[in-house]
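Order of writing sets the chain letters: A, B, C, D and E. Residues in each chain are counted from 1.
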Amino acid sequence: MSPLLPQTVLDRLHAALPQARVELVNNPSPSGQHALLVHREDAVQVAEFLKNDPELLLDYASDVSGVDYPEYLEAVYHLFSIAKKHGPIVLKTRTGDRGADASVPSLTRVWKSADFQEREAFDLFGIRFEGHPDLRRLLMWEEFEDFPLRKDYVAPNDCEYEPTPHGDIVQKAAAASASPVPQA
Amino acid sequence: MNFPGSGIIKGMAVTALNIVGSYFDRAHAKRLITEQYPEERPKLAEASRSFPFLVFDGDDPEKGIRCVACKICEKECPPQCIYIVKDTDANGKPIMRPKVFDIDISVCMGCQICVESCPFESIRMDNIYEVSGYDRFAPLVLHKPQLLKSNAYYHGIRPTEAAATDARIEAARLRKEAAAKAAAAKVAAAKAAAAAKAAGEKAAETKPTQPE
Amino acid sequence: MHALFQKIAALPWDQLPQWLFLIPGLLMLLAAFAAVCLRNLIHSALCVVLSFICLGVLFMALGAEFVGFVQLLVYVGAVAMLILFAILLTPASEVQASNNPLSNFRLSSALHAAAGAAVSFLVLAGLLAAIAFSPRAANAELPAQPAAAPVALIGENLLTYTLLPLLGIAVLLTAALVGAALIAKEDSKS
Amino acid sequence: MNFFALLKDFLLQFLGLFKNLETLPVECMRLLREFLTKLGELCGITMPQWALDTVSALVLIVAILVTFLVLFALMSVFERKLLARAQNRYGPNRVGPFGLFQPVADGIKMLTKEDLVPRAADKVVHYLAPIVMVAPALMLPVFLPFGRGMVAVDLSVGILAFFALGAGTELAVFMAGWASNNKYSILGAMRAIAQMISYELPLVTSALVVALVAGTLSPTGIAEAQSGYFCGFLPKWFVCTPWGFAACVLFYIGALSESNRCPFDLPEGESEIIAGHLTEYSGFKYAIFFMAEYVGMFAVNGLLVTLFLGGYNAPFPFLEWVPTWCWFFIKLWAVALSMVWVRTTLPRFRIDQMMQFAWKFLLPMSFVTLLAAAAWYYAGQGPKAWMSPAAWSASALIVLLSYLLLGTFCFTRRHSATNRRYLFSE
Amino acid sequence: MSASSSNFFSGTADAGALEVSLGPHHPSTHGVFRMNVRMEGETVVKLQPVFGYLHRNHEKIAEKNSWLAAMPYTDRLDYICSGTNNWAYAVAVEKLAGIEVPERAEYLRVIVGEMTRLQNHTAFLGFILGDMGAWGSALMYAFREREKILDLFEELTGARMMLNYARFGGVRCDTPAGWLDKARAYLATYPAFLDEMEQFLTGNEILLSRLQGVGVLSAQRAINGGLSGPVLRASGVDYDIRKVDGYSIYPRLKFRVPRGEVGDCFDRFMLRLLEARESLKILQQALDQIPEGPVVNPAVKQRGFKPPAGEAYGRIEGPKGELGFHLVSNGTEKPYRYHVRPPSLINLTLLEEMCLGTKIADVMVILGSIDIVLGEVDR
């Protein structure tokens, strides 16, 4: 896989879209997959360029995953090029904060593969993807309010504990069954 | 020859081959592979694992138990299905032996990470597979007496692995003895040297009285 | 009790088969009447099918097996399916149940009933007249069972004596089929 | 002559019957009728003529019901065993020797299962559907000649009666589908009706072909037309003639779809619409549907055997010592088990392909077999056609030519594994 | 079971339309998968997949446990190919921590991975025939051969399906005595089975008419939809991660990557057969050239494994498609973020597009041809 370095992609981006706010985020791990952090407003424009530029042709968004950091939520896109067969270019967009302004533009218009994965990030992290054709919860049921994969998520205590007769689980089961089970 | 309908006839030929073949497949290898379970038991491979068990040396489970209740396996077990309580001797001082060692086999997924992480070779994977009970919870928690099985049983189900484990334990014991002997020798040497020095000084005191 | 047995034994048991065949006749009338009165369209369609079956049984009772079985094959096999499909394809099949005239009897429906009765009486009268004045009705003996198999007789008759009507009906049926196909085609296109 | 003497006398006569196996069933029936009438007289009831006829009819009906229910029970075991053998496993062998008591176990299971009726179902029609399904199915075998002189009702229009009663199943399937008020059953019912109607035509036309050549619509007449041998030892069965073989294959495909069996089991396509019109049936009603399907299958197979495989005639002269009714049941089992063999292999048709196959391939082929039969009959001047090579070559040519033309252009021209290329990159 | 499916049903159903929810309890959805289908007659007008019935928040479990404890859980992702799941996780962690893998371990991983692909494609033959209604025969032949591969796995790793075999920097244990010869002997009989299956299936007219021309997908749409694996290559895209990334020892092994032209269900079906033959070639080469040596990198401490802080995305060519892991580590013993790139879920992105206008029976065949496993779709 001929190595396409994020730096060369960054230079082409600055050359083509000078007003796009894109910067390189250093990745300390030995994998050396440094990411391109793009500002929310011009994420779609950058994505269009990455996909259609004859030099890059990153037309295969293989993986989209949300990550929960203390101050913001992040959507990470791993882009590949089928024609040129070069490597994962990591594109990151960050939300304003983890509460009201947790929204990021959806790139499903550019890469259809991001459809279900963005819905999953919305379902498990609460990242609202603006412009997503059908933003619903992917895995949890519709009435579920909280976002399970966030670090501050507290698992509800209403599930039926298997009263396995050993160790602390017995006490937890007793406590659980003692408290009234909320009628679903 | 592919006249219309020939594909279907070729397909039918394959099924016919299997129907007739199943009556002549004595070795039960190709055309008739059913194992009539209760009567014909499956021959398990040596490495096949199901649930963990505790190994004890010699013939008395309580004395020969290898486990020292260090709780590494309890921490490492992904679904947290092992529960250990350290034993205390007569006057309450904790001793290196588990009083309670439960494994909840309804939670255990047989991933044998406990076997890998046990430094004392005391927990091993069994290959029993008929472990059903009439209640969802109580019978599926194996307590220490049910878990303890002799080293001979371990040799029975896994000859090569048991032999390798015994070899490792033997080597570790020999190394410990060698280390102990070396330490003892060093201590003895140190004592001898000290004694020699002491003897030397005593000699020195007694020697002035003797004419040089 | 013994007398009761005697009286029963004295009944003309040997004519029983002739009377037995009253049952399909009565059943047919009942089914036809039920077909008219039932609220649920599907139930009434099934009652119509029941009356077809009873008609077939009557034909067989009269010894005309061929006509009886053709009746069964054509009516129960095909026409019943047509009726049921027609009911299925009309969208409001069981939504607006037709209000049963018997349930809310008002003066205007009385006139309707009277008119209906008159018309049916006229039809019945015409039918009886046709039977009475037809040449063969003078209680002539039933013709002996024809020697050749009835099928062969019908076959010959069909292709010689009544060839023209047969071809006429054939053309008519094909035209009807083609028409139905066209209408169905238009529906699916629109 | 008290009761026991009568019984002893008839038992002796019964043992005497075993000398001649050929007429054993017929004599048994006669003996049973005599025994019942004598029993009636013993009890002082003088029965009028029609009562005697009804008694003999009842005896016949009981005989036919017993044989066909035993066939149904055995078939449900042998089908599962043959299906299993094709899939490299044993099949039911736990209940009784070689699993032969499995139908008893299935029967008990079916009877003890709760018979659910959905709340929104149309109760009356839901209850009637199995009855309307099984009644005609049980009436069908009445017209089939089990052996020489052993036919329950010898009608001159037997074949027509057979198809007339067979038409009842469509109605029952519709009633079942509509009454269950369940989306899957509606779909299943629509599919079943479409399939039955479009496959009835080839079925009836191929039966028509045989009726034309044999000159009669009565099954016994057709069976008699196939007795005898040509050029020494070959049996004069219609399947041995070119047009007969084509008509037999068409009839076989029609029979497969009439009884909703394998390539045509769309109505209960379990991988698509669960169990089609049978989704909402359980317990005994499901067992009745199940029985109706199997008895219907045996009846249609019986007709196939009568029309094409020479009914009760022996295949070779030196095998004539075997009683005729044995031949009928041997051939019946052979055709039934071949249907199971088809079931092990073929996937299911899609609804539009099935319809297209029926209207564009089977129907034209059946008219062609009509043509070929006519050519065979007139080229060989009637019964002498068995020996005349002109008749054989004419009809063979017509059948083969049309099969290849229709086969390649009508149905399979677009699909073939050969016109697909796969590129490999290093 | 998201309630949004309720608005799917509450739409004004015109007279002809019939709305059915196929699943989650349905014989041929390969697990608890549900599709709300609106049909006119038999043709599909609208299709909406519903996920989440098997969701157990696999990624939260991994974040609560140590790095090694997540390995047995990857067996449960795509429970038919646990060999490749473990391998993908190990590759991702090795990329995250920059770990070297000894030669013999690479060969053992390739052998177990290709055997997993072989038995997955064999099982696929059985399932697709089941979806088309030939219940039993093809499935039983496929499972008869698959059992033999699972027995080899049991002798090597101790479990038939839940191998838990890969470790960071190698594999868990070496091959028992005689295992390699037994594997070679068994794989020698495999081509005969594939030939028998081809004679049994590919000529069958009914199968051809059920598969050809159904669920056609163009190469451009497949790429944009993120499809991967045999489904992508059936549409004519030459993209096999074993050739593109050249990970492990694949550059050394000679094998070819088949791809179709039309991109319909029949091409996907044939692709699996051709790939099974290619896997056989790889296995023969790997079994012949396997060197001696350690099976795990001794420098790596499996228990209490602490990779340096940072982020990595590692992927391999799984039997169902590109199986990737996006791992974020903050230097502690527990992963900060553990994300699985599920090929089964992403291959379903274009399911509705393929199924519009087809019959209800085709929906089952198209779903079968994509070959999904719900453990991986719902995680």
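As a working rule, a residue touches a chain if its C-beta (ideal position, glycine included) is under 8 Å from a C-beta of that chain, and two chains touch if they have at least 3 such contacts.
Computed from a predicted structure; not experimentally measured.
Visitor: Listed by label, which chains are in contact with subunit C and with subunit E?
Guide: Joint contacts, listed by label: D.
Visitor: With one step meaning two chains touch, work out the least steps from subunit B to subunit D.
Guide: 1
Visitor: Which chain lies the greatest distance away from subunit B when centres are computed from Cα atoms alone?
Guide: C
Visitor: Pick the chain whose C-alpha centre of mass, unweighted, sits closest to the average of all protein C-alpha coordinates shown.
Guide: Centroid comparison flags E as closest.
Visitor: In terms of C-beta pairs in contact, which of C-D and A-E ranks higher?
Guide: More contacting C-beta pairs are found at A-E.
Visitor: What is the distance in Å between the mean C-alpha positions of subunit A and subunit C?
Guide: Distance between chain centres, rounded to whole Å: 72 Å.
Visitor: From the mean C-alpha coordinate of subunit A to that of subunit E, what's the distance rounded to whole Å?
Guide: About 23 Å separates the centre of subunit A from that of subunit E.
Visitor: Please report how many Å separate the Cα centroid of subunit B from that of subunit E, as a whole number.
Guide: Roughly 33 Å separates the two chain centres.
Visitor: With chain centres defined as C-alpha means, what is the inter-centre distance between subunit D and subunit E in Å?
Guide: 45
Visitor: Which positions in subunit B are in touch with at least two other chains?
Guide: 2, 4-5, 7-8, 11, 14-15, 18, 33
Visitor: Two-or-more-chain contact residues of subunit A, please, as numbers and ranges.
Guide: Not one residue in subunit A touches at least two other chains.
Visitor: By residue number and range, which residues of subunit E touch two or more other chains?
Guide: In subunit E, 137, 141, 144, 200, 202-208 touch at least two other chains.
Visitor: In the complex of these two chains, what residues of subunit D are touching subunit E?
Guide: These residues of subunit D touch subunit E: 83, 86-89, 183-184, 186-187, 262-263, 265-266, 269-274, 344-353, 411-412, 414-417, 420-426.
Visitor: Under the touch definition given earlier, write down the residues of subunit D that touch subunit C in their complex.
Guide: Touching subunit C from subunit D are residues 48-51, 122, 124-125, 128, 155-157, 160-161, 163-165, 167-168, 170-171, 174-175, 178, 193, 197, 200, 216-218.
Visitor: Across the complex, what residues on subunit A touch subunit E?
Guide: 1, 27-31, 33, 35, 59-63, 65-68, 76, 78, 82, 85, 87-88, 90, 111-117, 120, 124, 136-143, 148-149, 153
Visitor: Quick check on the complex: what are the subunit D residues that touch subunit B?
Guide: On the subunit D side, the touching residues are 82, 85-90, 341-342, 344-346, 403-404, 407-408, 411-412, 416-418.
Visitor: Over in the complex, which subunit B residues touch subunit E? Could you list them?
Guide: Touching subunit E: residues 2, 4-8, 10-11, 13-15, 18, 33, 44-49, 72, 76-78, 109-113, 116-117, 125, 160 of subunit B.
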